[in-house]
Every structure is written in structure tokens, then in C-alpha cells.
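What follows is a pair of complexes built around chain A, which joins chain B in one and chain C in the other.
And then the complex of A and B:
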């Protein structure tokens, strides 16, 4: 290897490390802040190493009003969104993948267009609609909004997955006497399952992270991010840091689990 | 429903539920929203729109939102391209780097704002580091320091949302055959020439999608600014939140939301035309 080449490698390596530091250090810092005792958070300058780890800040946050409830609401809304989005979205994805029907392109375009609608345009009028129908301030209201937001991506992701399952196998099953739904359940579904699980996690994450709509559609049944947002102005810094970590942690797990699917889902399918 | 073709009914049955849900949850609210913004108790009115325009926070919010898009998007795309090209050089621990770079994909804007609050707060980590090296602190997020407040929001958004552009670009790069690049280098093209004339043109579809998506999302920036600055740095969607949650006026809130929608649509159409026109002239 020439000297220039070695220089080049070193520069690439250094740039990667620098970017990783920029992306990683803030996560370290929020963890450090949330896992310090209240007393050490009041010190200045703040220690940059975990000299005095404590669960005090975190447990104060978890036991403050609305946090446990918010956590449970987030979980309910997230799981409900996953169920609804899959129930409605998977058939759509299957149709796009398997049938050359008239209006398929229009349907796909419609799905893409809805992704361009700002959440805020939907949530405020939806609050009106839900007030009239008695759904306002329930987890169902937030669930419905999140389903609408997750649906386009669910259809597009599952369509991409079903395209990957050979149609011949399904036909073979039907030749041997399976009805179309049976063929789907016995042959297609098992092969598509990992991909469908990925779509489910995507919907869950979208719901877990969505703040504005959840805040607008509820008063008491706040999800966790909505709870943190609405109490932001009158809460101490320690509470905000603890809230930050509580919201970041699931993301770390999510990306670790989803790494295999990332490029397919965000990178290719979603365009 | 057409009975002539055997396959049409099955497909229609399969997509029908999603069409119903989408119409109920997208189209209906839009109609209700336009009604909310433009009709009062005594029929059609522009009173809410006027109230929106007269609000002292509205024009600063428009300006800040526009400025954020204009400053953030170019930096973000340069950053994402750099990251993708670095990964293409196959550095050591590429997998670990990639993991850290895409983690923010799953981090909400609110969480990102809180993460960077721990850095930029008056008694936060940045000032602590400055204190350690003896350089004295600075009130980054103070009402009086509009510039640093704005930059803090840009940094936090850059940190949070660049990973979306990154995965789209990396996926796009995987579709670029290495042969073209190698052919160009055999004919003596420099790195920059190859980037400009071989790689970037092939990335254009990916970049176009990312550009539209990110511009629309950047127009909706809200919780990051809320967590970092409260209302000191008004943004359009933040104002909707103010009018709805704090001032309890859904009509003005919808009026602002419709402004965001109109600008998003304009931006999307604008990009599509811009990029299509260029392909025509080629």
C-alpha cells in the first residue's frame, strides 16, 4: 500500500470516528444526566464521567403524576396501532403485490400523497370530529390517528415483502386443493412473517414517538411524550432529562433489532 | 364493481378497508379543517385568518420556519452524503458506525430536544466543558441570544433527522453499479469528477425523494424547538400548538395548520417541477 493510500485510509477512519462521536456523545450525556443524583445535577460544572451514579432522578420521574399512566397509554396506543395498521394494511399490501388491478398506480400515489400531509393539519380538525363522536380524550382517538399515519408505510412495506414470496408456491398450494385464504395462511404468511414483524415494529415506533397529535387529541389520557411535552414548561431540568432518557431508550433497542430491515424499509420501500 | 374480470373484485376487496380508513382519517379532517378555519357562527368568515395574520408571533414564526428549512436542508444533505460516501470506503467497524449514525431514526423530536437541552442548558454539559477548560459559559438558549438559540435547534435537528437522509442515500448507493465508477476511474477521472458525473446523477431519484420528504418534515419542526426554547423561537407548528392548547382557539390553530399544508404542497410540487425540468433539458 502506498503512503498516499494509507493516509487516505487514516483520514476516512478519523472522519468516521468524529461523526460517531457527534452522534453518540449526546446519548451518553443524556444517560449520564438522567442517571445522576439530583444533588450532582445541581453542581456546576457538571461532572463528565459517571462519578456518582444514582437512580434517584429516574425514579422521581417515574413516580411523578401522569408518567406511569402515560407509559401505559403509550403502550396501549402503540399496540392498538400495530393491530389496526396490520389488519387494514396487510390486505392492501398483498393486493398491490399480487394483483394487476386498474387504479393500482393511483392507489399507490394516494398512499404516498397522504404521507405529505402534515400531522398538525389532521389532528386539530380530528379533535373536533372526535369531540362530536365522543372519542375525544380516549386512547382510541390517538390510536386511530396513529393508524392513519402508519397505514401508508405498512401497505408499502408489506407489498415489498409479498413481492418477495414466490407466487408459484401459492398456486401450487391451491392446485393441491387449498382455498386462497388457506394458501395465504399456510404458505405466504409464514414466509412473510419476519417482514410483517418489521412493519409492526415500525408502526409501534411511529406511535411511540408521535407527540403533537397525541397532545391535541387528549386531555387526561396522555401518552408518555404528550405528558412530558405538556408538563415541560413547569418541570425541573432533572425531570426533563429523565424524560429524555425514557424516550430515547426504546429507540436504541428498536434500531438494534431492526438493523437488517432499515435499508429496505426507509431506504427503498418508502420512496 | 366490475364482474367481467375475475381478479378485480378480490383486489378491490383487499384495498377497500385501507381506502375507507384513509378517507375517514385524512380527507374528512381536511374538509372539517377548512370549515373550521373559514367559517364562524354566522357563515363564512376571514376573521380567523385575519387574527392569525395580526398575531405578533405569526410572522416571526414564518420567518424562523423558512430560515430553518433553508439553513438545515443543505447542511443536512451534505452531511448525509459525506457519511454515505465514507461508508462506501469500507472503514473498519463500519457496522458499529452505521448503528450509531442511524439510532436517531427512532428518536422522537421531543426526545432529541431534551437530549440537546442537557448540552445547551445554562448549567448543561457544553458550559461545563467550557468551564473545565477555563473559558466561561454562555447563555446559548437565552431569549436575548436569538442566533445561538436558532443554531441550537439546527444542531439538534441535524443530529436527529440526518439519519433519514442517510438511509435513503445508502440504499440508493447500493443500486449504483460499481462498474460505472470503476470505468470512469480507468479513464482517469478524479474522485470529484466521478462523484459529480457518475455517482450523483444516479443518486438523483433517491435525493429527490429525500429532499421532498425532509423539506415537508422540516416545515413541521416543533417539539425540538419547544424542548430547547419554549416559545422564544416561534415556529409555525409550535404556534398551532399554542393556539390550540394554550389559547384554546382551534379555529386560528387550523388556519395556521392550513398554511403549513399549503407551503408543504408548494414545496413538493416545486421540487418535482425543478427536478423534472432539468431532466428534460438534458
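And then the complex of A and C:
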């Protein structure tokens, strides 16, 4: 029995290591290639340790036209998407969690339907609408599209977390003098922070990685992935690695920052 | 000043179908401790939540201190509440939890500290003010919930089964403590419980509820002693009241083969069946036959420490009898029972309601007492 358990534990450990490697190795290789000189990249066999570090490729990439602008656009769109998705999605999630209304279950199911449509199908008619309203080729256009894409998960994630905060706590807050918004802000929101952080992370990642819609909806105000996709297709290999690293790093930083809120702040797991 | 009046409250839940509270009216006097007690689903919590403003009645009025609060939100009713699940805030320290009501009222810092300190002292929480609820035991969390409720000095205190999540020993300790604290404060209190012992020990008056209605309302001892119907007698008391069917015949009360003299109260019931109710502690036992005592047989003997609880068979009926520990009893042993006439209560077998205490005037038909005045 104990032997079986030991085997079981070893297998779990091995699986964890394998998954970590699966996620980590590509990032390492990209970072390695992006921070090596262009010559060392063509060497054979390729050294797997940073034997010849150089920031030359990276700095050339970062100073090339459109990269800084794309980076700033991506950041604007990403943070804007997070803000909009939370602004609309958190109340939505709260409603789904707290109120029994006609068609709630159907609503939850159909929420995900936006994600069933291919982005191209969505963005071409959207491009028309944005052209008519003058939003075309602005970061707002991309922000709106990304918000629409992020909303279903925002609603579902926050709803799941609001269900975990007992309604009696809100009632207690209201008995002791809080209005419904105050009860939400003082009692529910702090406890729902981990879920809200997860939803924010999700929205940001989605926006940061989304290429197709951003390409269709902009010409000059490209986000970084859209910019990288169009300009780097014909660039030398080394610059593609540099572009990859430039795309991965901010996402990792954002996750690291939000992770703080995912972990619990008062010593217990929620529920 | 802060009496609570409930008039004709009706509430039906969309999912329930039948009424959760059915035209309930009652009044809690200023400074009174009223306990709502009843089995689960009897509407007691619904009634409390309507008084609190957490539930909207279909019809009827609620007023507090003479002010109609039916349409006011909970926060404007000037009351405080202890919840069954405590409902303390896990992300705040004990100090902030207790002072939550003061924070919402924007009480100045020094007064906040003073009042929180006083409430904490009253509930022996002074050493725990800087802890989070997760670092407290169940009993301490319960104290925090009570401290939070009393610190605001509300005119009315509502409690929804506050002791039901504590273990038996702690519950007994805290019950006495709660009684002391509430009587010190003199707050008008409405307290909900399903535990009849709690209701008896805490309330100035007890309202026994059943199926959304108040079955009987009165001081605990009088409700215990004179249940207005079989349900109340069977619900209050441990063991519950014994009920046996007897036939009134020629001034005698025939129970099985034996008979007792019938009281005057039953003079109009000649030739009919009545239900006799008698408390276990009012039945005397004897191993020897005595004149006027009823022969019975022991079935089960349960020592409870302070007494012996006997299950005995009397004819076709089973009775619970409380005997002194000195009484020697073994299963299957014959014994003799006697209950003083003034400890017997009589009920109409059809309506289950108590029969009037004094015999009604000759012509009138027997009309059962529906609500004896407390």
C-alpha cells in the first residue's frame, strides 16, 4: 500500500516537472536566442547555456520602427480591456451569483457563445461599424473587441467567487448600517479579490495575445503582436526570437503582479 | 419606547407554495426577551427576517417603537442582529468586526475605541482584538458576532439561532452568559431557536410557532404547564408531554381497564373520548399496588443521572415517566402510576385543542380554548 502510494507520489512529481519543463523550456530557449549574438545563433551544435550573451539583437529589435508604439498600444489596450471587462463583468458576475432571474442558466450558457464565433467573423463587420463611427484604427476599437471577448470568462469567474462569499455577511453589513453598494465594497469585494485578480489576468492575457482582430481593426495603431506578426515575418530568425521575448516578458510581469492577489491575504483559503 | 409590533404578516416564498408565515401578529414589549420557537420550516426565521428588513412581507405591517418600518431598508430600522452562521467578516480583524456598525455610523475614533473595548470586555474578547476570525474558535467567533451586535446600542436586538453552531457544553455555558448580557443591556430582544430548552431558559415570553402561525404565546412556565394544544405539549419539554386517550363515563375517566375520577371540567364530555396530557415528572410511581393507582409495566429504563426515565406501558398506551433514581426498576416489572388531578390536561381528540379549564355553562356546547391569555 505504502509502496503504491510512493509510486503515486513519484508519478505526480514527475508529471509536475514535465509540465513545468513543457512551459518553461520554450521561454528559456527564446530568451537564450534573443539574448545571444546573431552569429552564435547559427553555430552548431547550439549551446544551451548563455555562453555568449549579447543585447545587440534585442536592442536592435526594440529600436526598430513601430515596436515601441506597438508596445504602448498593447499596454493601453490590455489595461483598458481589464478595466472595461471588470467594470461590466463584475456586476454581471454578481448578478449571476446572487439573483435568481428568469433564464439565468441559459444566460450563463450563451455567455460563452461569443467565443464560439471565429474572431475574423466578428471583426470584419466590426471594422465596418468602427469605420462608420470613426473608431477604426484606434486603440479603443481593439479595446472594445477584446472586452467583448474577455467578458464571458470575467462574468463566469467572478460569479464563481461571489457564490463563495456567504450572502449573510452582506445582510449583516446592511443590518449594521451599510447601503447595498457599501456592503459590496466593504465586505464582498475584498473577499472576492482573488477571483477578480484571476479574471483580470485572464482578460489581460487574452488581449495581449490576440492578433487577428487587432490586425483587422487597425492600420497604424497596431498592438505589439499585430505589429510583430506583420513586420517580423520577413525578418531574420534572431529578431523573431527578440520579438517573442518582448511579447512574453510583460505578460509574465503582469501575472507575477496579480499573483499576489490570487494568494490569500488573511491566512485562510476562501471557503 | 422600542416595542416591536408585528401585524398580520403574510409571506409566501415563490418556491414554497404554502405560506411561510400566515397572518402572524404579535408584540414584543419594550425591554422584553421574546423567543420564537418551533420545528424547522415553521416560519420563525422568516418572521425574524421580516422584522429585520431582510425579507419583504406580502402583506402586514412591522413597527418598531411606534414607527412603521415596513417599507424601510434594514439599515434604517435601528436594530442589530446575530446570525446563525455568525456572518462575521473574515477579512477584518476582530476589532474592525466588532466596530463595523460604528464605522458605518462614522463614530469618532476615541469613542469607537472606547465602545469596542467595552463590548470586548463584556464578551471576554479583549485579548483577541487584533486577530482575524480564522484564528478564533467557534465559540469566540460567536462572541464576536454578539459583541458586534451589542456595540451599536440598537433599540432592538434580533438573534437567529445564535447558539446552534456551538457544541453542547459551550451552548449551555454561553446561554447563561447571553441571558446575563441581554438582561444587563435591557434591549428588546427577539430570539429564534428550534431548541425548546433554549426557549424555556431564555425567554420572558415564548411564542411556539407551527406552520406559519403562532400556536401559543406566553411565559415559558405557563406554556410548558398549560399547552394550548397537543402540538405545543409535544414540542416543549424533554421528554415531551404524554398523551393518552380516555373515555369519560359517569364521572369517571376510563384509561384502558382502569379508571380515575373525572374532574368537573369534563362534565359535558360524558360518553365521549378525550385526550389526557400529563408531564413525565408529574407521574408518581410505586412498586406496590395502591388504591386509585393505575397498574402498568416497565418497558425501558434509562438513567439520566438526576432521575430515571422510564418507558412504561399502560394498557395500549406508552408513557414516559420520570422516577427518582432510588426507584428500583427492571424491564418487564409491574409498577403502579398516579398523577394528581391538577396535573392532568385535557384535549379535544378532533381539534387537538385544550378543553376549557372550567366547565362551561350547561347549555353551551364545549368550545375549546384557542389562546389562553398569558
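We adopt the following convention: the second predicted complex is superposed on the first by the 216 of 271 C-alpha atoms of A that agree within 3 Å, B and C clash if a C-alpha of one lies under 4 Å from a C-alpha of the other, contacts with A are read in each partner's own complex, and residues count from 1 in each chain.
Here is the rule we use: a contact is a pair of C-beta atoms (placed from the backbone, for glycine too) under 8 Å apart; a residue touches a chain by one contact, two chains touch by 3 or more.
What you are looking at is a predicted structure, and each value in this text was computed from that prediction instead of being measured.
Asks: Is A:185 touching the first partner chain B, the second partner chain C, both, or neither of them?
Replies: A:185 contacts neither chain B nor chain C.
Asks: So, A:10: does it touch chain B (first), chain C (second), both, or neither?
Replies: neither
Asks: Just to be sure I read the superposition right, which of the two partners does A:92 touch: chain B = first, chain C = second, or both, or neither?
Replies: first
Asks: Just chain B (first), just chain C (second), both, or neither: which does A:177 touch?
Replies: Touch status of A:177: second partner only.
Asks: Touch check for A:46: first (chain B), second (chain C), both, or neither?
Replies: It touches chain B, and chain C stays clear.
Asks: Output check: A:241 vs chain B and chain C. Expected answer is one of first, second, both, neither. What do you get?
Replies: Only chain B is touched by A:241; chain C is not.
Asks: On the A-aligned overlay, A:18 touches which partner chain: chain B = first, chain C = second, or both, or neither?
Replies: Touch status of A:18: no partner.
Asks: Which partner reaches more residues of chain A, chain B or chain C?
Replies: B
Asks: Tell me the contact category for A:110 with respect to chain B and chain C: first, second, both or neither.
Replies: In the superposition, A:110 contacts chain B only.
Asks: Across the two complexes, what residues of chain A are contacted by chain B and by chain C?
Replies: The overlap between the chain B and chain C interfaces on chain A comprises residues 266-268, 270.
Asks: Along chain A, where are the residues that touch chain B in the complex?
Replies: Contact set of chain A toward chain B: 9, 12-13, 15-16, 19-20, 22-24, 26-27, 29-30, 33, 44-46, 48, 87-89, 91-92, 94-96, 98-102, 104, 107, 110-111, 114-122, 124-129, 144-145, 147-148, 151-152, 155, 180, 205, 208-212, 215-216, 225, 228-230, 232-233, 237, 240-241, 243-244, 247-248, 250-252, 254-256, 258-259, 262-264, 266-268, 270-271.
Asks: If we count contacts the way the header does, which residues on chain C are in touch with chain A in the complex?
Replies: Listed in rising order, the residues are 52-54, 73-75, 79-81, 83-85, 87-91, 100-101, 104-105, 132, 134-135, 148, 152.
Asks: Using the touch definition up top, name the residues of chain B that touch chain A in the complex.
Replies: Touching chain A from chain B are residues 7-8, 10-15, 17-19, 21-22, 25-26, 28-30, 32-33, 36, 82-83, 86, 89, 91-94, 96-111, 114-119, 121, 123-125, 127-129, 131-132, 159, 164, 167-168, 170-172, 174, 205-206, 209-210, 212-213, 216, 219-220, 222-223, 226-227, 230, 237, 240-241, 244-245, 250, 253-254, 257-258, 260-261, 264-265, 268.
Asks: In the complex of these two chains, what residues of chain A are touching chain C?
Replies: It comes out as residues 166, 168-169, 171-179, 182, 187, 190-191, 265-268, 270.
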